[in-house]
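Chain lettering (A, B, C and D) follows the sequence in which the chains are written, and residue indices restart at 1 in each chain.
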Amino acid sequence: MDSLLKCIDVWKSFGGFDALRGVNIEVYGGEIVGLIGPNGAGKTTLLNLINGVLKPTKGKIVFNGHVINGKKPHNVCKLGIGRVFQIPRPFFEMSCVENVVTALLFNITHSKHSVEEKAIELLEFVGITDPSATPDAITLQDKRRLEMARALATNPRLILADEYMAGLNPSEVKDALKLFKRVKEELGITILWVEHVMHAIMGLADRVIVLDHGVKIAEGKPSEIVKHKKVIEAYLGG
Amino acid sequence: MIEVLIDGILFGLQLALLAVGLVLIFGLGGVLNLAHGEFVIITGITAGMLSSLGVNILISITTGVLLAGVAGVAMDRTLLRPVYKLSGEMEILVGLFLTLGLAAAIDGVIAYLFPGLHFSINVPVEAISFFGLAFRPSSLIAGLVAVISLLLLLFFLRNTTTGKAIRAILQNQTGARLCGINVDNIRTLVFLLGGIMAGLAGVAQGLSSSVDPGAGLELTSLALIVSVVGGVRSVYGAIIAGLLLGIVNAVVSYLVGTYLALIILLVVVIGVVLFKPSGLFARSV
Amino acid sequence: MEAILSVERLQAGYRGLNILWDVDIEVKEREVVSVIGPNGAGKTTLLKAIFGLIESKEGEIKFNGVRINDLKPHKRVDIGLTYVPSERELFPELTVEENLELGAYTKRARNNKDNLLEQVFEFFPRLKERKDQLAGTLSGGEQQMLAIARALMSAPRLLLLDEPSTGLAPIVTLSIYEKLKELTSELSILIAEQNVHQAFAISDRIYILENGRTVASGKPSELSEDSLIKSAYFGVSE
Amino acid sequence: MWKLKRPGSRLSSSPVVLLIVFVILAIIPSLLKNPYQLRVLTIIAIFIAFTYAANIIFGESRQLFLCMSAISGIAAYTSAILSIELGLNPWLTILIGIAFSTAVGSLLSYVSVSRGLGVIFVAIVTLAFTLIFENTILGLRSITMGETGLVVPTLWWPLEGLFGRRLASYYVILAYSAIVALIYFMLIHSKFGMALKAIRSDNVSAEVIGIDVTKHQVMAVALGSSILGMGGSLYAYYQGMASPGVFSPLMDITIFLMLILGGFGAPIGPIVGAVFIILIQELTRGLGQLTMTFFGGLLVVLILIFREGIASIFDKVATYVYYSKRS
């Protein structure tokens, strides 16, 4: 397997505080990789570095053969990385379908009519039934779905998902897991996934990477990670 | 040249008086008060009118200054109420437009009622000379008024519990809530203080030259310049920046002319915003 | 023993994002209660809602038998509730002593300020040594002590503590927890904690929060580190 | 345009309504009795264009530029000075002036967007710029004639032979503001307009779905600035002079009033706003300085209770009429 994303010795400091201290990770095409760790481990910071919302203090990030550290988010997006935020950030002034249409328009050249059809198709794929609804009128679950649809509309090879399950109830979590599986299997998109809801990640991730205090402390299959001594210590407190 | 310096310091003190209020109000209320210069005008007009009616000059001045403070409280309790319910960009925009509208409204009324009026305070004492330099007594008093008010303000902020609460809110609003500080009440107090300090700036200006009732927006811009250079949330910064800019303004005006001096100050402001937005002397009291 | 705090069917969260779902919690006089759970479970949200920094949408919060849902935070301090967030929220450019002085801002505490200050200094001698230093220049552990000390200055009856161990070396955490134990002769404490070992060592009772719901509760001896906790963290039962 | 619309609800956005309004504006002069009325109408036409510019810069792109007067003044003064000093054709100097104000506006926007300045700092920087402009004009007395203002050469207005000077200048200016309205209408229905809408909703989200935020923000100001520049030059040639009294902060306040009164999103808003404010200004001339009070008070009232603008009232009435007819 080829590596799709590679972070090499990535550091990030805010003022005097080192949020990430020399992280090395690799993600292969077609995988779902879970990124876990206690509060303040640096998970979201790592996602922000990968898609260019933040610039690393040191280190190199390579995506699909391109060095992307320091590139702006819109350029990183064009190279094929989509982002799903933890607290959904839809365009509140637009309807669901307009949200997705905007993302489509800035990534692929379509005629406007086919764009709208494609957007509705994507919304159906993620499970939103009323494309004309405005984002403040829909449930949290639908907001997350909308985030996903908008990310898919950018035609990504990799999606960075941040705590997708937070605040969802058990049956909604089940739906979300199904969606992730379909994104991976039907669309062939790789997912790097920060999550707190552990049983969700354990059932679906091909591989899990564990961060603690800005350092990678473990990596492996979910079943191995659960038994990993350092991980248990990081979570339960030594 | 020394006269120029002294003029600069005097002007700088007035700027500082104006800017501290602006800084405190912005820090606690989240409103960049574009009507701040109007406090000066209110004081000037009131004191001028009362004294022309034969009221004792001290009483006239005190009434003027207090009225500016009352105007501040009234703004906080009525006009700006809706602003505090908003957040982020909307809070700032609505605050800007409301205070701008208020400033325009006040300017209009004043220009209509008192066309061409200039308020100044005459002190009937002859010039005093120190070390061979002649001082106008009114300028001396103006300087004294400004210095004493600023020192009192600093003393209040440093040594009283309420003063410390104000500094605490400037540094960390959530932290202040955790201590049980009623942020709303303290904010009203700060509007009172801001109005009074600006009113005192008006008194100082009336003593050293005169207050032009049409200069509200100009005074506000000056206060803005000073507070930006000092760091928008720093009382100390505002005082130091006020003095510095006052002196620079006087010296440059003397050397190359008034217009260029003001332009240089404005360029400095833009430079500060772009390269050191926290201000040159940022340190909250 | 009387319940000093009782939370019933509490729902709370942010715009369009409910974090807590029907949470029930009780703290009795002079009791130490811990809420544990993975991050994202809603521990911080719970404390913020109890203190009034987040509006509660449903349910009831009673302090000393009185409903306080609609009380503003500063009023809650007045009646004896206090909160130490994990961010500490100190005043970095005020001295240690000034920070403490502001802790006793409410009328009730202000009259008794000197006594309180003496007690607090006795309790944290380290702070007395540094009383003229700016709070921003303290070390992490000292800042945590100061945050707790500042809260104590309000003469509280219930102390809400959010992850006192955040960002601290284990040995510092230990000393802080030892201090906390001494406190319980005079007041009740509700702690949100990720560090399970610490929580077990200090608490009279424990609640386990998962995905915004209380999933278990009991004395540490009843719970211990059994499969229940592991399931909360890792989603596997052995 | 993807929004499912309720019939009648977007009357203020309809291109037909826009067209009708401009046709009316073109017919009105034949009903007017004296040059004064035509003059007021001409100034309305200029301010319509200014308000569209403000709607692009602030309404669509949320950049609080408190220097619209300065940007349009730069073009007016550049053009005036070049045609006086070098004897160039005024129309040519107008183009140079526009290029100048576009460059200045874009630079201000680029700097503030790329430094990530918040609203308040953008406001301060642009306000400082306005004051710099004002003081430069006043200070460079030898070139600009200071407060008195600069008398500009006569401009040859197209169709002068046909309509006469006054009417010709009105039609040229009206045509200019109609084109500006058309540009605005096309803008909000274009990909560019969607980008601006996305950016003002959430600029981080816009970035991560591939929108170059800096580029679009700067382009919006560039477009707005060229409109302001053109309008400022036409204004100066129409008046026969460029003076600091015209291009003063008061002009910024007036434009914002028009924008807020008319309402942001609606294409017809700027027209409604400009007509109302200029008419009020003319009708209250007798009040002297109290006009300022009136406008200040109006701004406060609008902001407090009426943030959607007057154009939204038309929509509400239209919707009401539509539904009451059907039932």
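Everything that follows uses one rule, which is that a residue touches a chain if its C-beta (ideal position, glycine included) is under 8 Å from a C-beta of that chain, and two chains touch if they have at least 3 such contacts.
Remember, predicted model here, so these are calculated numbers, not experimental data.
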Chains contacting each of chain A and chain B, listed by label: C, D
Chain located farthest away, centre of chain B as origin (C-alpha): A
Rounded Å distance, chain A centre to chain C centre (Cα mean): 33
Whole-Å separation of chain centres (CA-atom averages), chain A against chain D: 43
Gap in Å, rounded to a whole number, between the CA centres of chain D and chain C: 55
Contact pairs between chains, per stated definition: A-C, A-D, B-C, B-D
Residues of chain C defined as touching chain B within the complex: 51, 53, 72-74, 77-78, 82-85, 89-94, 98, 101-103, 105-106, 109-110, 150-151, 154
Sites on chain B touched by chain D in the complex: 32, 79, 82, 89, 92-94, 96-98, 100-109, 111-112, 115, 217, 221, 224-225, 228, 232, 257, 259-260, 262-263, 266-267, 269-270, 273-274, 277
Sites on chain A touched by chain C in the complex: 38-40, 87-88, 136, 140, 143, 163, 166-170, 196-203, 226, 235-238
Contact set on chain A toward chain D in their complex: 51-53, 72-74, 77-78, 82-83, 85, 89-95, 97-98, 101-103, 105-107, 116, 132, 150-151, 153-154
Chain C - residues contacting chain A, complex: 13-14, 16-19, 21, 38-41, 163, 165-167, 170, 194-198, 211-212, 225, 229, 231, 233-236
